[in-house]
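Naming follows writing order (A, B, C, D and E), and every chain is counted from residue 1.
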Amino acid sequence: MNQPVAEGLVWLIFFLPVASFFLITLFLRGRPREAGLLTVGAIGVALVVSVYALVQVIGEGGHAVGFSTHELFSAGDLIVNVGARLDGLTAVMLVVVSGVSLLVQVYSLGYMHGDGGFARYYAFMSFFTAAMLGLILADNLLMLFVFWELVGAASYFLIGFWFHRPAAAAAAKKAFIVTRLGDLGLLAALILIWDRAGTLDIAAINTEVVELVGLGVLGQTMLTLFALGLAAGAIGKSAQFPLHIWLPDAMEGPTPVSALVHSATMVAAGVYLLARFFPVLDASQFASDFITWIGVITAVGAALLAVAQTDIKRVLAYSTISQLAYMMFALGIGAYAAAVFHLMTHAFFKSLLFLGAGSASHATNTFDMTRMGGLRRVMPITYITFVIGALSLAGVIPLAGFWSKDEILIDAWKYNRAVFVFGLLAAGLTAFYMVRAIALTFHGEYKGGEEPAPGEHGADPAHPHEAPRVMTIPLCLLAVLAVAAGWVTFGGEFQSWVLGALPEAHEAKFLWNTGVFIGSTLLAAVAAAAAIALYIRRDPDPARLRAHPAVAPLHRLLERKYYADVLAEDLLVRRVFYGGLAKAAHTFDALVVDGVVNGAARGTFVAGWFAKFAQNGQAQTAAAALLAGGVIIFGAVVIFQ
Amino acid sequence: MTISLEEYLIVGAILFAIGLYIALSKRNAIGVLMGVELMLNAVNLTLVAFSRFTDTGVALSTQVFVVFIIAVAAAEVAVGLALAMVVYRNRQTVSLDRINLLKW
Amino acid sequence: MSDFPILSILIFLPIAGALLLALIPGQRVPTDRLFAWVPGDQQARAKWLALVVSAATLVISLVLFIDFDHGRPGFQYTDTFTWIDADDVGFTVRYAFGLDGLSAPLVLLTTFLTTVAVLISWRIDLRPKEYFAWLLVLETSVLGVFTALDLLVFFLFWELELIPMFLLISTWGHGDRRHYSAIKFVLYTVFGSAFMLVGFLILGAEAGSFDMRDIRGADLAGAVLPLQAVFAFILIAFAVKLPVVPLHTWLPDAHTDAPTAVSVLLAGVLLKMGGYGVLRLLFTLMPDVGADADLALAIIAAVSIVYGAIITIRQTDLKRLVAYSSVSHMGFVLLGVSALGVTGLSGAAMQLVTHGLITGLLFVVVGLVYDRTHTREIADMRGMAHYMPLLAAATVFAGFASLGLPALAGFVAEITIFLGAFAQHEAPTAVALLGVLLAAGYMLYALQRTMFGPRDERWSHLPDIGAWWETAPIAALVAAIVLLGVYPSIVMDLFEAAVAPIADGLALAADSAEAAVSGGA
Amino acid sequence: MSDVGFHLAFWSLSALTIGGALMIIVSRNLIHAVIFLILSFIGVAGLFITLSADFLALVQILVYVGAIAVLMLFAILLTPRAARDNEESLMRYPAMILMGLVIAAGVFVALETDWGPMREGAIGTQAKIIGESLINQYVLPFEIGAVMLTAALVGAIALARQDDEDLPIHTDSLIEEGVLPPPDGDAAAPAGPGDES
Amino acid sequence: MLGETNLLGPQLVLMCAGAFLLIADLFIKRRGLLAGTAAAAVLGSVAYSAILLADGKVGREAFDGVLVFDHFALFFQFLLAGAALVTIAASWETLSRIPSRRGEYLALILFSVTGLMLLAGTRDLIGIFVALELTSLSQYVLVGFHKDRLGSEAGLKYLLLGAVASAVLLYGMAMLLGLTGSTNLPEIAAAIAGSGDGQFEALTFAAVFLIAGFGFKAAVAPFQMWVPDVYTGAPTAIAAFLSVASKAAAFAVLIRVFFEALGDDLLSADWSTIFAILAALSMFVGNVLAIQQSNIKRMLAYSSVAQAGTVLIGLAAISAGRGELLGASGILFYLAGYTVSNLAAFLIVIVVHEKIGSFQIDDYRGLGRRAPLLAGVLALALISLTGLPPTAGFFGKLYLFDTAIQSGLAWLAVIGVVNTAISAAYYIRPIKAMFIDEPAGELARPIPSSWLPSPPLAATLALTAAGVLVIGLVPGLIIDVAEEAVGVLLF
């Protein structure tokens, strides 16, 4: 085989963190330092291999490297394979995931230092990284689904890492269940495509199945349903409306987890999934429109919510939702390359922002921005990197975020003006809330942070200080990426890598539209200025503004997150389902289903109780019964004969 | 009209039924025994009537049967009266309405 | 190995062990030559003997499993002689046992879980001798069911299982309702199997033999009752055992009140007898009816899955919750069976094994928690993970396996069932998908309330698992679940080969029915 | 016997038999009832004669009237304190219905059945033939009948005889019945081993 | 004429021994000697039968066809002899309570067994009747033998009801005799075969009254109402005897009469329906009422009603035609299993009563720990009576249900199995009491110093318990014998 990359090497990317997970679980439970270093080492090697793979794939023009698949098991017609798929998209994702993961692991060495569950943390981190890498490498839908679920489980464990906090435990549960609701769609899609098309292979679905639909052999409805199933999975995993409610709660997890899992990688898996099946999406107009409008609604809605948050991680969480929505509607309108591009840049700057927020809280023990303030003086590195990340997010030229966001907007301008308007609006809001976050966190007076909860490890909030170097170095590296990662778009370079993964040839080029550039930059500048006026200069006073009758209802709506949580959790789940349907079913079970059984038993008993009185001990009763029996039988025989 | 088998059989049936009624309705154990004796007599009458009228096989075996029935009746009465006496010794009564310690 | 009655030895080894246990002298006789080689007092001897016997059985079955010829269809290691020969009156009972791809994994599961059950009962102090003896009797009866080739022998072992189960639940169970639960279990099973017996007898009368291999080829058209009725009769017994809604209400009671080890065996092995029966008997012997009954089965299955899961969510008793989850999970077996194809049938068989392992593990950990806390109320527990991290980890693992996390055994079975069943029944399968979501709901709810949350000083004195008899079975179960989840071929190949003839029979029956319809039209 | 005479004999004897039986029902005194029973027995004996079964008629008189009825009388007289009434219990209503049904069934069977060819004359010298068949064809039943009578005799004696061990049993019973006072004023009489359920 | 009178030998031994015991009672006072003599007589009878069997006498007739020595009779002779042996052993305790009447007691048992054996071995209506009366009269006396309140009441009730049943039976026999003119069963069959339609009413009448009369003995509902009262009041050994021996013989004679005399093809469909309905009724009545009982003797009495119903399934199957041989052999096999199981149960009841003086199921609590062997045997017996493996009852029920199904009576089999389930509800109660319940209070009943039963009881206990297991594990032994036994019924 003359392959650019040996298959074993690709598998190595996956198995390194797997090994790290098992080694920590089995042997290093009591040795946190070794556990951390092992994880960092394993992921570091994985990163190196990933980069090598990317380079090789680029050499192939981004086309898939033809690894053969391996049969895992079969049951009748069902043949379940395991195989690796390596193409431009995969390789980029591999590098992004292992890269961010490596930096986060290094950061965590400092951030999680002294935590009682340090080894457990790294075990799960390894587990997550492995699952995420597996998800990317999967060459068929079933395998993808397997890892899809596994990253969900990893997310559960990492959100609930501090399981002694009831909020964390609840958030973990919520995250898993809400995403699983979306996963049902994915599962249904999987079942449907296997039943109708008889294959689970990604390449086959993207090429042959789409072709067969085009030829009318397979139904268009089937394809649309399949695409909608995929979309459901993506909506759950990428926290899109209406399944977005889990992600803000998921911020209960350690901050590096939020940085890696809940901003850079796992939540992006939804986008990755849709990108992976872009040809399918492309072939179904309805599904594309669906995704587009889900994305648009989410992008604006989440951005608005980010404005009203006081918790810095929640601001970032809603920002993540909004940015993922950007990618979603980009896919919906057909901007495949732009979506993947934004996915990559977002991974860098958003993890940077999270890690920065973590760094701030490392000093203050809180994520509540109203308890921070003025940190730029004591934490200069954090401040600078955070600002870089924020600018990148806000789409300031020439930072990475600008290029990717701009490309999406240009595509939107081209294909769908309504989407473009909303996209622009979301971009403006982004600039506003990021500036607000910077202002509240790093500017103004220091509000004193929060004392650590009794019995818990924490910093001394009275004297905030810069984070140790093990944390700041990853911040700096990520800042570099947040600045420079976008430059790979020049000349359509990045686009050519990922477009090579598609079955049909596409022209890869660098997009530039000066009008869009000016519009988006102007809007961002205006929004930023407004935020600066409000939150840094405090004129007008935001508190008074909030109380203004015109703003108050809106603010309350945002503060209550559009009442989505209330609606979903309290009304639907607790009242209607748990208190209504389930209670009724349970009562039915106890009273009717079991009641019939016990009733039959009791009925027999009662019948015996009555019948025994016929045995009244009176001899002649017995004699009469004997005679009566005889005469009745005789009569019956004679009559019926 | 000649008197034939049917008449005897009917008389036997009536006698059997009356004996049955006595056996079922009398409170006194000895009364019940009387009823049983009447039933056996009815059977005897039926048998003898068969032996007189029917022309099948060995008619006399029916009469032999009657002899055995009479013997059995005597034996039953003897044992029955002895048992009634034992009951009386224990309970000072032979009323079947009261001899119902064993029930349900 | 041709004539060596290895299978008989396997089946009867446990009951022989039980007899040996019964011979252990009581406390009054301090020593006895016969048992001098076993150290310790009566209790210690009882458990060691039980362990030795169950482990030996496990080893034998493992050897059989490995030695089993994968390529050869049909039964292997058959052990047959005529037991009751009343041939001229059509009442011939054959002592016939055999192992095929369907039964081999289940036999291994049985011996494995019995060994687990023995270990997990290590601390039992109430009449240990009898306890372990009954456990071993139970093992024999289950092994007999899984290997019997004669309907009446099958029935014999099926009924035999009641006696140890009744005594184990009623004597060693927990709570005041254990007597009620035990009697309910027995009556329910007897009631179901009574109908099964009628079905068996009708089949046997028509085929002239009770041997499954003979009945399979026989023409059953002239049976005294319509074959549909026979099918329904036999199905009642299996439906009770599985259990499916609405015949499930014995299960939560029995599980909740049974001692831990018995819950493990009940959920892990005894429920499997129902699914095994459907595959081995109903679909093999009466494919015509089976091919017609599939929709009904699928609907029952979907109802069981969703209804069971919804009720599980309302449970406040941890063990009861796990018990009710079995109703939902065993519904998957029926769903897979209703698919009629190789995929669905293999999935159903797989679900038998995986559910056995997973629910077995769940009951083990729940039982260990109960042994420590003496409460099963979810509301009473919280934060167990602080004091019993390993036990909590095992519990969480089991919970995730139960909710069908991929790469663990349960997922393999469920996905195979879904893929198999969807081809045949789209709507019921779609409904059944909800079960996956609901499973996540109740499992995570339970884990959150019991294992997580703030520290609770009431439980601070509780020791984590540490003794070898606690860790070894858990580790073994975890390993098995992971192994089957990652590399299911170990048993899936066997199942696939074993159910292929069944599926062929069903397909043939369906074809001929179709031909009849089109021919008539 | 002439036809008229035969008719007369049959009807009067039937009337005697059935009337006697009915009088047993009506009579309120047990001793009277035995008298009517004897009348009924005699009626049956007469009917036997009309059926030419002279020997059986004789046996009937001897055994039933001579032995059974007399035995009953003795038994009644030996239990003076027993209520000698011959009342009917509540069972009389179902008994009446049953009586009606049995009569209906009997009459139905008697009339509806084809009893086959009828014999003309009677068989003679029955006593001899019966005796011969008792020692030939029916010797085994005869033998068993002898054992049966022995058993009945022995049993009746064993029951009627008052053995030493019986007295305490009867005393206990009578105490429990409340006929005798409990010993030593101990109200709670010890429960017998055969404690009623 | 008389033929081989030595065919009567087995019964003759018993009768002579009975007579001897009556006399010996006057000067022998040791119960061991008396009971030993009785037991020896039973064994002698068995030996005689065995000799006859070895001598090739099987299939011969004697006394003008009144007595027949075939495999069928032989089967019941052995069965009844076994029951008698157990009864004698079980009477060990009873004998000590009747020092003045031991000879009579044992003699009556022997007479009763004689009657039962003859019942199974006679082909003549008169013979049947006299044998039935011999056994009945003996039993009436035996039931009231203790002369206590309950025993005498039971005896009197048994006698009065038995007398009515005899009268009913006789009326049926009279009709049969009148129709066919013969007392010999095969001759009756021949006469029926040659008769016309006009005899249907009388034949049905006769058949129904015969069923009522024999059903009374066999404890078949609705002729069963004496059963619980009599079993409860009678000495327990006698109750055991009634429940197995009397019932077995009644079924033997039912099979004989309905096979050899009334087995006409045209009629048997009617008999089948009657038997099937009675079977269902008996099972329901027996089981439903047994659930109510707190006294184990009474519970076993009702259970014996239900068991009679189960046996009737076999009779219904015989008459249904298709499963003739199977049905009859099924009955025999079932009866064998039932006999050992029920005897074992009664023996334990006797032993426990001897030790703690109670028949209440509640007083059995804790027995499993105090006397594990006794409790184990009782549990085994009850499991067998329920019809669960690995016991005699399991295959017995299996066989009978199979019979029903082969005869096309699937509905009856369904009723049978449903009743099996119902019966589990009460058979389980003593088991639960013994093994699971804690004793209510230590002082509720005195704890005996030793749980060891007296030697004869221990021996018979061991035998019956072994029988339950052996028949359960190697049912082929009995099935073969039963098949051979019913082979003679086909000619």
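One rule holds for everything that comes next: contacts are C-beta pairs under 8 Å (C-beta built on N, C-alpha and C of every residue); 3 or more make two chains touch, one makes a residue touch a chain.
The structure displayed is predicted, hence computed values, not measured ones.
A.B. asks: Applying the touch definition from the top, give me the chains sitting in contact with each of chain A and chain C.
C.D. replies: Intersection of chain A and chain C contact lists gives E.
A.B. asks: Would you mind telling me which chain pair, C-E or A-D, is linked by more contacting C-beta pairs?
C.D. replies: When A-D is set beside C-E, the one with more contacts is C-E.
A.B. asks: Which chain would you call central, comparing Cα centres to the global Cα centre?
C.D. replies: Given all protein C-alpha atoms shown, the central chain works out to be C.
A.B. asks: Between chain A and chain B, what's the gap in Å when you average each chain's C-alpha atoms?
C.D. replies: Between these chains, centre-to-centre, one finds 95 Å.
A.B. asks: In angstrom, rounded to a whole number, how far apart do the mean CA points of chain A and chain E lie?
C.D. replies: So the centroids are 77 Å from each other.
A.B. asks: Roughly how far is chain D from chain E, centre to centre by C-alpha average, rounded to an integer in Å?
C.D. replies: For chain D versus chain E, the centre distance works out to 28 Å.
A.B. asks: What whole-Å value do you get for the distance between chain B and chain D if each is reduced to the mean of its CA atoms?
C.D. replies: 5
A.B. asks: Where in chain C do residues touch two or more other chains at once?
C.D. replies: Residues 187 of chain C each touch two or more of the other chains.
A.B. asks: Multi-chain contacts only, two chains or more: what residues does chain D have there?
C.D. replies: In chain D, residues 89, 91, 94-95, 98, 102, 105, 108-109, 115-116, 137-138, 141, 145, 148, 151-152, 155-157, 159, 166, 169-170, 173, 177, 196-197 touch at least two other chains, as defined above.
A.B. asks: So which stretches of chain A touch two or more other chains?
C.D. replies: 601, 612, 615, 617-621, 623-624, 627-628, 634, 638
A.B. asks: Which two-chain combinations qualify as touching?
C.D. replies: The list of touching pairs comes to A-B, A-C, A-D, A-E, B-D, B-E, C-E, D-E.
A.B. asks: Considering only the defined contacts, which chain A positions touch chain E in the complex?
C.D. replies: 601, 604-605, 607-609, 611-612, 614-615, 617, 619, 621-623, 625-630, 633-634, 637-638, 641
A.B. asks: Name, in rising order, each residue of chain A that touches chain B in their complex.
C.D. replies: Touching chain B: residues 612-613, 615-620, 623-624, 627 of chain A.
A.B. asks: Flag every residue of chain A that touches chain D in the complex, lowest number first.
C.D. replies: 618, 620-621, 624, 627-628, 631, 634-635, 638
A.B. asks: Along chain B, where are the residues that touch chain E in the complex?
C.D. replies: Interface residues on the chain B side: 16, 19-20, 23, 29, 32-33, 36, 39-40, 42-43, 46-47, 49-50, 54-59, 61-62, 64-65, 68-69, 72, 75-76, 79-80, 82-84, 86-87, 89-91, 96, 99-104.
A.B. asks: Help me check something: in the complex, which residues belonging to chain A touch chain C?
C.D. replies: Residues 72-78, 142, 145-150, 153, 156, 160, 163-166, 168-170, 172-173, 176-177, 180-181, 184, 187-188, 191-192, 194-195, 578, 581-583, 585-586, 589, 593-594, 596-597, 601 of chain A touch chain C in their complex.
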